[in-house]
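Right after this note come the structures.
One chain, subunit A, links the two complexes that follow: it is found with subunit B in the first and with subunit C in the second.
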Partner chain A sequence: MKKGLLIIIMMLLLGGCWDEAQYKDVTIVPVMGIEKDGEEIKTIFSFPTFENGMINYSTSEGKGFSTWNARYDANQRTMEALNLAHLEVLLVSDNLAKKDIYEPLDMFFRTPKNRITSYIAIIEGDMEQYFNLPEDVNTDVADFYPELLHTAVLYTFVAENTLGETAKILREESMDLSLPYMTLNEKGIPTVEGIALFSNYKFTGKTLRKEESIAANIMKDNLGKHTYLTYKWRQKESPITIEIISVHRKIKITHDKIDLNYVIDIGVDEFPKNGLYKNDMRRETENFLSDEMKRDFNKVIQKTQEAKSDIFGFGRRVHAFHSELWERGDWQETYATFPIEVDVKVRMKRTNILD
Partner chain B sequence: MFTLSRVQFFLFLFIIQTGTVFISFQSRFIMASDHNAWVIFIFAGSLHYVQLLLFEKFHKRFNPGKAVSHLYIAYWIIITISFLSYINYTLSVWIFPHTPQFITMATIVGVSLYANTRRPETIINLPIVIIPLIPIFIVFLFMSLPDLVWTRLFPLDVMEYKPLLKGLFLSQATFIGIEIFLFLRQYVKDDEQVKGKPIFIYQSIWFLFFFTTVIFVLLYFPISGLKFVTEPLLQLLKYQKVTFVERLDMFFLYIWVIWSAITVILYNFMIIHTRKIHFKNTSNRFIILLHLILVVASVYLATKDRVEIVRRAIIYIHIVFSILVPIIVILMDRREKK
Partner chain C sequence: MGIEGNSVIDKKTVKQLFFDSSDLVVTDIDWPTGKGVLCYYSSLADGTEVNKQIDIIQQRASKKIDNWGKTAVSDVMPFSEADLVNSVCDGLSVIIFQQSKVMVTISAQSTIGRTPGEPATEQVIRGPHDGFIERTQQNITLIRQKLSRNDLVVRKFKMGKKTTTEITYLFIDSIADKEVIKLFESRLQDIQEETIMNSGEFEDYLEESIFSPFPQLLTTERPDRVVFNLMEGKIAIFVNNSPSAMIAPVSFFSFFQSPDDFNGRVVVGSFFRLLRVMSLIMAIYLPAFYIAVVGFHSEILPIELSKKVKLAINEIPYRPIFEAIILEIFIELIREASIRLPKPIGQTIGVVGGLIIGDAIVNAGLVSNLMVIVVALTAISSFVIPTVEMNMSIRILRFPFMLAAAMFGFFGMAIGTLILVIHLLTLTSLKQPYFSPFIPLDTSRILHVFLRVPYSKFHKQQKTFTFIGKKKGRKS
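Presenting the complex of A and B:
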């Protein structure tokens, strides 16, 4: 009796075996691309193959009427099943993002095994080119994109956009999505060009360039580990590079305008003209930088308003505290024409080891 | 017979009340209450405290006869089945899609069967297992702190009473199990004080636990997105990128399964113990039969539709057994004494 009971208990402990997934049966996909091909979805997967003890990366393509369907199609051309549990980067083509972007992404959130902390980026042009890196790159797709985006986050070119965050913002009426935007340079090397602006569920086709993207992240107080800005100071005939130390922002919303007040602490990293040992020179530099940054910030506001894309989430505060303004109608429409005034005050906190 | 220390009593109650409920109740509650959810939960918390105080005041008059005890046994069986079917469904969706559901259930229920054929002291001390898991859960939760959006606490709209009432009704999910106070209170050692500060401390812990989960879910997810999220706490952890484990949600899911399994054991203990007291039945045949029913029923109910129906119905049944029946039993006892 006791033996029988023991066997039954031991059998029950084997419960997890049904759901055992062995690495030999699957192939891990670190980078995946989705694009629109006519009325269909086209997916490209980069996955490792082992030849003569070396790891190489191959690609497999699939087409279908949904992302899963296209994945299924691609799966039929690979030896093992494509597994997205360790996906590091998802690339989405601009033509697909201009439609409802949530639809092709649904499968990532519905299946618990999928990783949703992967980076997501929008690419310009043909997806296939992004999976065939030129020899100059000297690395594999699987290493290149995660590192490229990680560096972009580290240097505040873009915010850390994961699949999960994307889903959350897409479901929010009071804020719009912005995702890293990649293009190919003249040598065919993929580059983070800036950020793609979304309005509701769709990519507007409008983007912010890299410098504008950094400015937008400063405005959101969403700094990476390093945030550098370089200006040409024509009057002094000198470049000046600064590192943002911290951002203090105040947002005041009334029924007829938004006032944005920024106090930005900086350090100077490059200024060949020198002379920062003089108090007057430091004040003059602060004033120059305040004006430059104010101009940049205004430009960013203007571009996001043209795109009807509230990437700053002003709508969140409007929804929370200004019901009259919120109820005027679609927030994106209101945002597009709403007066926004920006004021920037730069405080030089460090001149580093030179004056 | 057994006795309980004050700590054992409250720990028993805490596990019974938190158990399975705490990973899922937030979605429906917040969707019904909108941004008012946190205010409604503060009000619900006050009601919970009042209920505890009343239970403490009148517990000696709560003398359920055989008929009422039968009803409570049936009620707890329903509660246990609802918990198990939800656990079964959640596990099949999140971790074990290919494992036969009866195996998962048999494993959990098997542990309960083993525990409930031991001495009561074994079960009474079981909730201690959960204590180290609570801070782990809280630490996991606080990892999402930088992603919380505080403006989601507003706007408040307390003029519309219908969503407030609906929210208050759905917050009752966190009260499930409170009636066990009345059943176990008599076993607390006479020299241990329960009323006053101890009840207040228990109430504070209960409130802080649930309120924290409500606040985190409310501030983490946009309300319009919550309707897609069935287990918001699990999802919240799935969104976290950490270096020490690939999937934080999995880690938490296992904690929750242990927590829930202990809750099931405690409910079964209540069923078996109440039967022993009122029906002088100590046979193991009933215990085995009960556990068999639990396995079969929880496997049968573990589909999306059935789980939803049971979850919706359970709050109504809970209100009957945690408010209505105790009032009737206490009033009848008073009348009999007169």
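Presenting the complex of A and C:
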């Protein structure tokens, strides 16, 4: 009895706190950037600091031959240990992504304490500029990027791309990765510009911009909470803004072509011309929208084929059901030249309270 | 000493027998059948009432009625020293007749007792507002008034030979489990102690696991609660001079029921019962959870909250466990102090302790304000539990959990929970399963634990821990 008690007390005292990480001894890093700097990898961390009851923001940089190495380097000049368990956004520069996106990301998937539900985005140009926001933004990096990307996802500008999703798609031969693409506008404010297209592990340098990326998300049936598209009705006579309510898609794959059949339910959110209560007007508008969307979709298909990037995952079905087609060679090569036909039918479900 | 062998029993010998106590009244009394000695404690017996009764009995004696000594309040018995001592100590007045070696006992005790007011620890909003007092006789009256049935059995058990500790227990014969009563009676027989003054002392003899943090007897001062439990086949136990009844066997969940639930509406009662289950979980786990999060698993906090937490704890000079212990001790001190102090000063302690020191301790940077919130919330939720004993036990329980969380994080809490549940499952109250209805599983009763189920629905008549037949709520 006594011996047992002694053993238990010793176990507690000697073994106690073995994986403790006091929260006050670590620095939480909500935003991290990785870029290529010559042959080395450069990491930038943005984090809040807490002093005298105030929250301030600070950045720290590190260089090394790998992400972990660079992070380690940054740790040597940061007051408290950098903790990536709270990572909200990971920014990767395009020059690094063009080489191989997986290599710098590997460290995130190995240790269980890392957060893999953080957003990942590709940036254009110099990483440092993205960590020095102009005065106009009036908020800090650590808050800005998470909110920015969250809004982009809500409004279907980009799909919800997390680190975990990224790794999943990267490992798959039959589907290609697409990540949010950010640029700086003329005032130096970071903007979610569209989608960066990947072919296998590499960023192709080709992107889908603005409406194209929304169209791509509609084609994937990957809608956010709100999806709006604006067209010029009857050659600029009147603008029309529609909200996508739901997308029904049918994919038919044969050995010589892919047929894409979309039925899209929409609501009208802006249409100063009015008159949608008339049947012929309504039909005309539906037909107009069908044609416009079909053209947009075709443009998206064309761009992805140029980039040899099957972001829609047609390859999955081909792999599963059309082995003859799959075995024709590298799927990305096959996809680039494969005929794809798109057909869109728009159904106006809501005209909202005016009509 | 022994006066039995002595042929003379007079005032002097009786006085000697009671060590010449000054509140003992010993007088000679004339009687139709010869001289007698009247003795009683003036502090226990009501003198005027004694005089009245003596008059009545005297008249009966002079009329030569058979068994003149036997009336509703008096009795005749052969004289013996032990009986004399016991009777007088019980508050009876005794007339000793020297020649015939008999004595007449008259029960005319003076009653000092409170009126049966509502117990302070178990107040309800709706429902009867009476409570037990320090006299068992009155307490049984309160119960009988509520439960007028002939199978309500009252049994008395006198403990020891010298003193008059009396255990009174009640049960309903047709509902209570015979095995349980047998076990209870055998436990009573096994008690060797001569004097038991408190019900708490008695609890130790009845409980199976004395060192368990959980009470295995439900203590209450409310007659309606006792009646309710009697109707479920439980045994109610009164110890002389104690205003609380103990109820056994009970399950863990009996401690979380308040008479308010049963008087209130179904939806309201159910809501508060769920709230109580939640408060139980909070009272045990909240500080431990906070300590584990801050010490081990900060990544689970959402980023906005995480910044606030970090801001609060960044400049605290020591580990969260010490922070928590400082505050917990502080709150326990306030609580303990305000119990002992008279009410008006007690409130001052609340204000000074809670508001002034609470604010100052945060400003001084000894404790983070989040920890104050956590500890205060825990304290409040622990007071929600309607029975005092359980409420204390739960408050004690959070300390081991805090330690486990400080050393091993969530893992420690999981191990702690495992030990706690194993303990609860093996615990018994009068050999009946404590964690019923979960183990052994009774699906029909599980709902009753979390919700207040309408009475008009079918339910089973409970028989201690088993059931007999079905009970129909309403003619339909």
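Observations on the structure shown:
Keep this in mind: the second predicted complex is superposed on the first by the 337 of 355 C-alpha atoms of A that agree within 3 Å, B and C clash if a C-alpha of one lies under 4 Å from a C-alpha of the other, contacts with A are read in each partner's own complex, and residues count from 1 in each chain.
Just so we're on the same page, contacts are C-beta pairs under 8 Å (C-beta built on N, C-alpha and C of every residue); 3 or more make two chains touch, one makes a residue touch a chain.
Remember, it's a predicted structure, so these values are computed and weren't measured experimentally.
Within the superposed three-chain model, A:146 lies in touch with subunit C and out of touch with subunit B [touch as defined at top]. More residues of subunit A lie in touch with B than with the remaining chain of the pair subunit B and subunit C. Applying the stated contact rule after C-alpha superposition, one finds that A:107 touches neither subunit B nor subunit C. Once the two complexes are overlaid on the shared chain, A:30 sits against subunit C while remaining clear of subunit B.
In the superposed model, A:116 makes contact with subunit B only, not with subunit C.
By the document's definition of touching, of the two partners only subunit B reaches A:171; subunit C does not.
Once the two complexes are overlaid on the shared chain, A:19 sits against subunit B and subunit C alike. Of the two partner chains placed by the overlay, only subunit C lies in contact with A:55; subunit B stays clear of it.
Residues 12, 16-17, 19, 85-86, 115 of subunit A lie in contact with subunit B in one complex and with subunit C in the other. Remark: subunit C residues 293-296, 298-299, 301, 303, 306-307, 309-311, 313-316, 319, 406-409 touch subunit A in the complex.
Listing the residues of subunit B that touch subunit A in their complex gives 35, 93-100, 103-104, 106-107, 110, 147, 149, 151-155, 221-222, 224-225, 228, 238-241, 246-247, 249.
Residues of subunit A that touch subunit C in their complex: 12, 16-17, 19-24, 26, 28, 30, 48, 50-51, 53, 55, 83, 85-86, 88, 113, 115, 146. Contact residues on subunit A toward subunit B in their complex (touch as defined above): 9, 12-13, 15-19, 85-86, 109, 112, 115-117, 162, 164-165, 167-168, 171-174, 313, 316-317, 319-321, 323.
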